[in-house]
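In the two complexes below, chain A is the common chain; its partner is chain B in one and chain C in the other.
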Partner chain A sequence: MISAPYLEVAVLVLGTVILLIESFSAKLDRRYLGYAALLGLTFIFLATFFVAPQSTTSSAPFWNFYSADATSLFFKRIALATTTGVIVMMLDFAPLVSSGVQGTTPQSGLGEFFALPLFTCAGLMWMSSAIDFVLIFVSLELVTISFYVLVGFTRRNPASLEAAIKYLVLSAVATGFLVYGITWIFGATGETNLQKITTVLSRSGFEQNAALFGGVLVIIALGFKIAAVPFHIWVADVYQGAPTPVTAYLSVGSKAAGFIVLLRVLEPFLILPQMQTLLVAIAVLTLIYGNLAALPQTNVKRLLAYSSIAHAGYLLVAVVSFSGRAVAFYLVAYLLMTLLSFAVLVLVSQPGGDQLESFAGLSQRSPFLAFAMLVAMASLAGVPFTAGFLGKFLVFDAAIATHHFGLVVVAIGTVGAGFYYYFKVVRAIYWDAPASSTDKIIVSPLTRVALIALIAGTFVLGVYPQPIFDALR
Partner chain B sequence: MLLLLVTFTPIVAAILIMIGFPARLTALAASLLTLLISAIIVLRFNALSGFQFVVIFPISSEMLLNFALGVDGLSLLMILLGAIVLVAAVWFTGEIEHHENAFYACLLFIGGGAIGAFASLNLFFFYAFHELALIPTFLLIGIWGTGNRRAAAWKVTIYLALGSIILLVGLIMLYHAVPASARSLDLRILQAGQIPSSLQSSIYLVLLIGFGILISLVPFHTWAPEAYASAPAPAAMLHAGVLKKFGLYGLLRLALPLLPDGAREWSGMLLVLLLGNIIYIGLVTIAQRRLDWMLGYSSVMHMGYIFLGIASANILGTTGAAILMFAHGLSIALLFGLTGEIRKRVPSLDLDAMGGLAKAMPLAAFAFGLGIFSAIGLPGFANFAAEIMIVFGAFRNGFDYQHFHIFQWATLLALWGVVISAVYMLRAYRRTFFGSSAESDLVKSDIPSGFRVPIALLVVVSLLLGFFPQIAVNRLMPTFRNYFSATE
Partner chain C sequence: MTTLGDYLTVSGILFAIGFSGVLLRRNVIIIFMALELMLNAANLSLVAFSRFRLGDDGLPNYNAQVLVFFIITVAAAEVAVGLAIIVALYRARRTTNVEDINSLKF
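The block that comes next holds the complex of A and B.
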């Protein structure tokens, strides 16, 4: 049996070791570092199934910050799985990194490219366990800072640099909001631990306004992380400019961590009715904006960026309906289908770019990739027998059970819009003739295995969600 | 076990075809096997006991989700329809120029999905199986369609997706409205629960809009004619013949027994809308100049009669509606299949340009005539028996109104639809097959003689039920008697 905090330590050690090898071994083929990271992450993922249950009696101060309950373990697994998927994509993406980085050797910087996601992963895992604002802040910053570097990693590409600057500035603003909010909450309640804050807030006669103000500031900061409207402005440009695997990581990992923190932070505040109204408003705006802005996109990466805003909207509906189960399941489904679509995008865009045209006639160039993208799009749109549909089913179920009919009506419209823009990709793949290059696309065995696993996961969870529910218990 | 086979034979065959099995052979074998199994189910079906051949696999107790299949008289009839039309559609598929495997796989997915939806006892899978047709339809029309196929494919996909999501919301509302003791996604348990009168009205409306879009109830019908005109013939056969019946099946299966007060409240509006289907779309159909569009509109129009049977809310009317669903499926499949064959041989399906095809295509002309006679409800075909039941059922109706009232007015108006459909069908028949035209000289070949098998299948079953409607009525009666036991 392993104690939960060792998982993060293991990830950090893995990252550090890879960084050291990168620095001191000049001759090694850097791709081996990627394989080593994959192997290590797989072991740590398996290790999460042997974590000792948290001892409730332990009164060590550490456990005031850190929780190892089923939910946090579950989100640690999401973080690990995402990182694994992202590193597989990075291996496919490696040739583009080399051309985007100045260096003395052809593989300069590649080792760092594989090491940085591990540090992000450690941050995500801490975030999922954090039950104190101090740890939330520290882990969030670890994640954000490593993302600064990753987003701007291909330094020769101006778009990537622009994305990095935008991300840096806006994240810094969000961090400012977060710290300011935490200060207000601390000032009002005298606590940073979420559980203790709950107790203070529910005390009768407690003056709530100051704490509420702090709570709103924290929600604004988290709104940046999960890409909720009106805090979404960075999303489209940063997603489009960042290296594609990093975009996938941002859109899955960063979002999942944002939602677990949101769930934990909201727990004390949801007793206040004002908070709920605010969240409903954010959810409505996010749903409408994300889906409508995705409609005219012709760049697949940008389309997926807006789709990620749209899915934040559905997740917020689940949050407003107090359904942790729906949030968790939806995130898993989102992980599968988003990684799948980005993994195909990495392969297809290498010769042709991110435009929709490079997908034209994909069914003839690579039937396997075409099918993978079809599954991803069907799941994102919410076609039954895919995980994406079951996620939407749970979200609608939760919203109707809690009588949020206004949200349901908005969501009906946006799902309809979703079918349009996701099927635009399907149309390009199956209807259109190949535009320029008709070469077959080569898929490496590792990527093939990863894609098949993602496809299988999408279908299995589409009809058999019970493993996810069991893991949450 | 038999139900598992009948549902999954087409789906497994579709997957096999996708990974490289010989397309036509596998598809034909699978669809014939499906028909054989559904025939066995029909023979072993016991008319007196409720849901039979039940198989249940629990999936998630938290979500109340299990995979459950079972049939009663109503679903049995629909499964048989699905199997028959699937065989005919696969048989009617001729040479496919490119991606032959994908074409057959799409067809089998639509057929298997429809059968699965009819066999499902769980609302989740009831819904999910129907949606299995969404992507295949998009691809079938978009890749192999004719005319303005891309616009048609978009339209049908967005329309049906929107209809489905509204339907999903309606279904979720439905099972949340049932008291906790009977709350379940399982139809059989759900039917034991009473839904408070105050909630019924809104849920019925949501379900009516959702199902209505799928069935092409006026004013949600605009997708249908365009999609059917552009779709390749086998896709139109399956879609108009089987898949569209899903919505009607849903209304019969869920809305009538669970929401009687809602049905009563909205019956006035439903009557107006269905008269829109019968009269307004009927007149629009007369104005059509192309054979495929004419058939597309006619299939929208005939939905009006089935709605009338459902609206009547008594045993006679609903039984008629169920039989008409079956009979209409057979006749429209035959007509669309033959139209597809004609399309391959003539440059355009414009009714003004065609004519005299009977000379070159005697077999097609004969079969098309049979299809037309059954579609307009000539005595002897099942359509006639069904329409009679619907009309009588609607005239009496299940609500205790006094005096002469809206139902009887609606019935009288609806009767004119029979005249309208006779006008456009017979006129189209004359202009296509008789007279003479430059086009008809171009046609060298009749339909392959092997096509006699699916044609005979479609016609004989319709005649059988036309002469002996009791076969179906006896099996349907127990289902509907439960629905209306309180009122009659």
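The block that comes next holds the complex of A and C.
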């Protein structure tokens, strides 16, 4: 049996070792570092199934900051699985990194490219365990700062640099709001621990307005992380400019961690009814804006960016209904279908670019990739028997159970818009004639295995969601 | 005698100056300075809250003061990475003006 905090330590050690090997062995083929990272992450993922349950009697101060319950373990697995998928994508993306970084050798910078996601992953795992604002802040910043570097990694590409600047400034503003919000919550309650805050807030006779002010500021900061409207301005530009595997990581990892923190932070604020109204308003705006703005997009990365905003909307509906189960299942489904679509995009965009035209006639160039993208798009749109459908079903079910009928009507309306833009991609793949090149696209065995696993996951969870519910218990 | 209210007012003004600096200024480096101001505003009121609102045993809650140290450290790390990105941008574009950074659009 392993104690839960060792998981993060293991990820950090893995990242550090890879960085050390990278700096001391100039001749090594850098792709081996990527394979080493994959192997290590797989071991740590398997180790999460042997974590000893947290002893409630343990009174060490550490456990005031850190929880190792079933939910946090579940989100740790999401972080590890996402990082594994992203590193598989990075191995495919490696040639573009080398051309995007100035250096003396053909593989300059590649070692860091494989090491940085590991530090992000450790941050995501700490975030899923954080039950104190101090740890929430520090782990959130660990994730954000390593993302600054990753977004601007291909620094000879002006779009990547521009995305990095935009992400840097807007994300730092969000950090400012977060710490100022934490300050006011601390001022009103005198505590930084979320459980103690809950106790104080349920008593009467505290400064309710100050706590509410702090809560709203924290929600603004987290709304930025999960890409909710009106804090979404960075999303499209940063997603388009960042290297594609990093975009996938941003849209899955950053969002999953943002939602677990949001669920934990909102728990004490359940007492205050104003919070509920605010969240409903954000959810409606996010659903409508995300789905409508995706309609005219012709760049697939931008389309997926707006789709990521739209999915944040569905997740917010689940948050408003306080259904942790629906949020968790939806995030798993979202992980599967988003990683799938970005993995195909990495392969297709290398010769052709991110535009929709490069997908034209994909069914002739690579029937396997075409099918993978079809599954991803069908699941994102919410076609029955896919994980995406069941995720939406659970969300709407939770919303109806808590009498948010207006929200469900808006959400179902926007699903219709979703079908249009997702099937625009499918139409390009199966009906349009190939635009420029008709060469076959070569899929490496590792990527093929990863894609098959993602496709299988999408279908299995679409009909048999029980494993997810068991893991949450 | 300075009261808690005084500290909170100063910190609120600092936060407002920082945020309006981010919104109004056009030079990325100045925007970055304004961001630091926002973080320091939070530091000031955290320490003030911790000092003025003592617990039952007459001691402040030190978690807030520890958080201040973390914020200072994180801000330093953020500046290190941020300035590196700004330098890379200046090398590539010969500008630090945000209005010139507009190639990613609809």
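Please note the rule applied: the second predicted complex is superposed on the first by the 473 of 473 C-alpha atoms of A that agree within 3 Å, B and C clash if a C-alpha of one lies under 4 Å from a C-alpha of the other, contacts with A are read in each partner's own complex, and residues count from 1 in each chain.
We adopt the following convention: a residue touches a chain if its C-beta (ideal position, glycine included) is under 8 Å from a C-beta of that chain, and two chains touch if they have at least 3 such contacts.
Only a predicted model underlies this, so the values are computations on that prediction, with no experimental measurement involved.
In the superposed model, C is the one of chain B and chain C that contacts more residues of chain A.
In the overlay built on the shared chain, the residue A:I400 is in contact with chain B alone; chain C does not reach it. Of the two partner chains placed by the overlay, only chain B lies in contact with A:I412; chain C stays clear of it. In the superposition on chain A, A:V426 makes contact with chain B only, while chain C stays out of contact range.
With both structures placed on the common chain, the touch criterion links A:F469 to chain B but leaves chain C unconnected.
Residue contacts after overlaying the shared chain place A:A378 against chain B, while chain C stays out of touching range. Contacts of A:E191 after superposition: chain C is touched, whereas chain B is not reached. Once chain A of one complex is fitted onto chain A of the other, the partner contacts of A:F137 are limited to chain C, with no touch recorded for chain B.
Of the two partner chains placed around the shared chain by superposition, chain C is the only one that A:R155 touches, whereas chain B remains out of contact.
By the touch criterion defined above, A:A387 reaches neither chain B nor chain C. Under the contact criterion defined above, no residue of chain A touches both chain B in one complex and chain C in the other. Listed in rising order, the residues of chain C touching chain A in the complex are 8, 15, 18-19, 22, 28, 31-32, 35, 38-39, 41-43, 45-46, 49-50, 53, 55, 61, 63-64, 66-67, 70-71, 74, 77-78, 81-82, 85-86, 88-89, 92-93, 98, 101, 103-105.
Considering their complex, residues 132-134, 137-138, 141, 145, 148-149, 152, 155-156, 158-159, 161-166, 168-169, 172-173, 175-177, 179-180, 182-184, 186-187, 190-193, 236-237, 240-241 of chain A touch chain C.
Those residues of chain A that touch chain B in the complex are listed here as 325, 363, 374, 378, 381-385, 389, 393-394, 396-397, 400-401, 408, 412, 415-416, 419-420, 423, 426-427, 430-431, 463-466, 469. Listing the residues of chain B that touch chain A in their complex gives 59-60, 62-63, 65, 67, 99, 124, 127-129, 131-132, 134-135, 138-139, 142-143, 150, 154, 157-158, 161-162, 165-166, 168-169, 172-173, 176.
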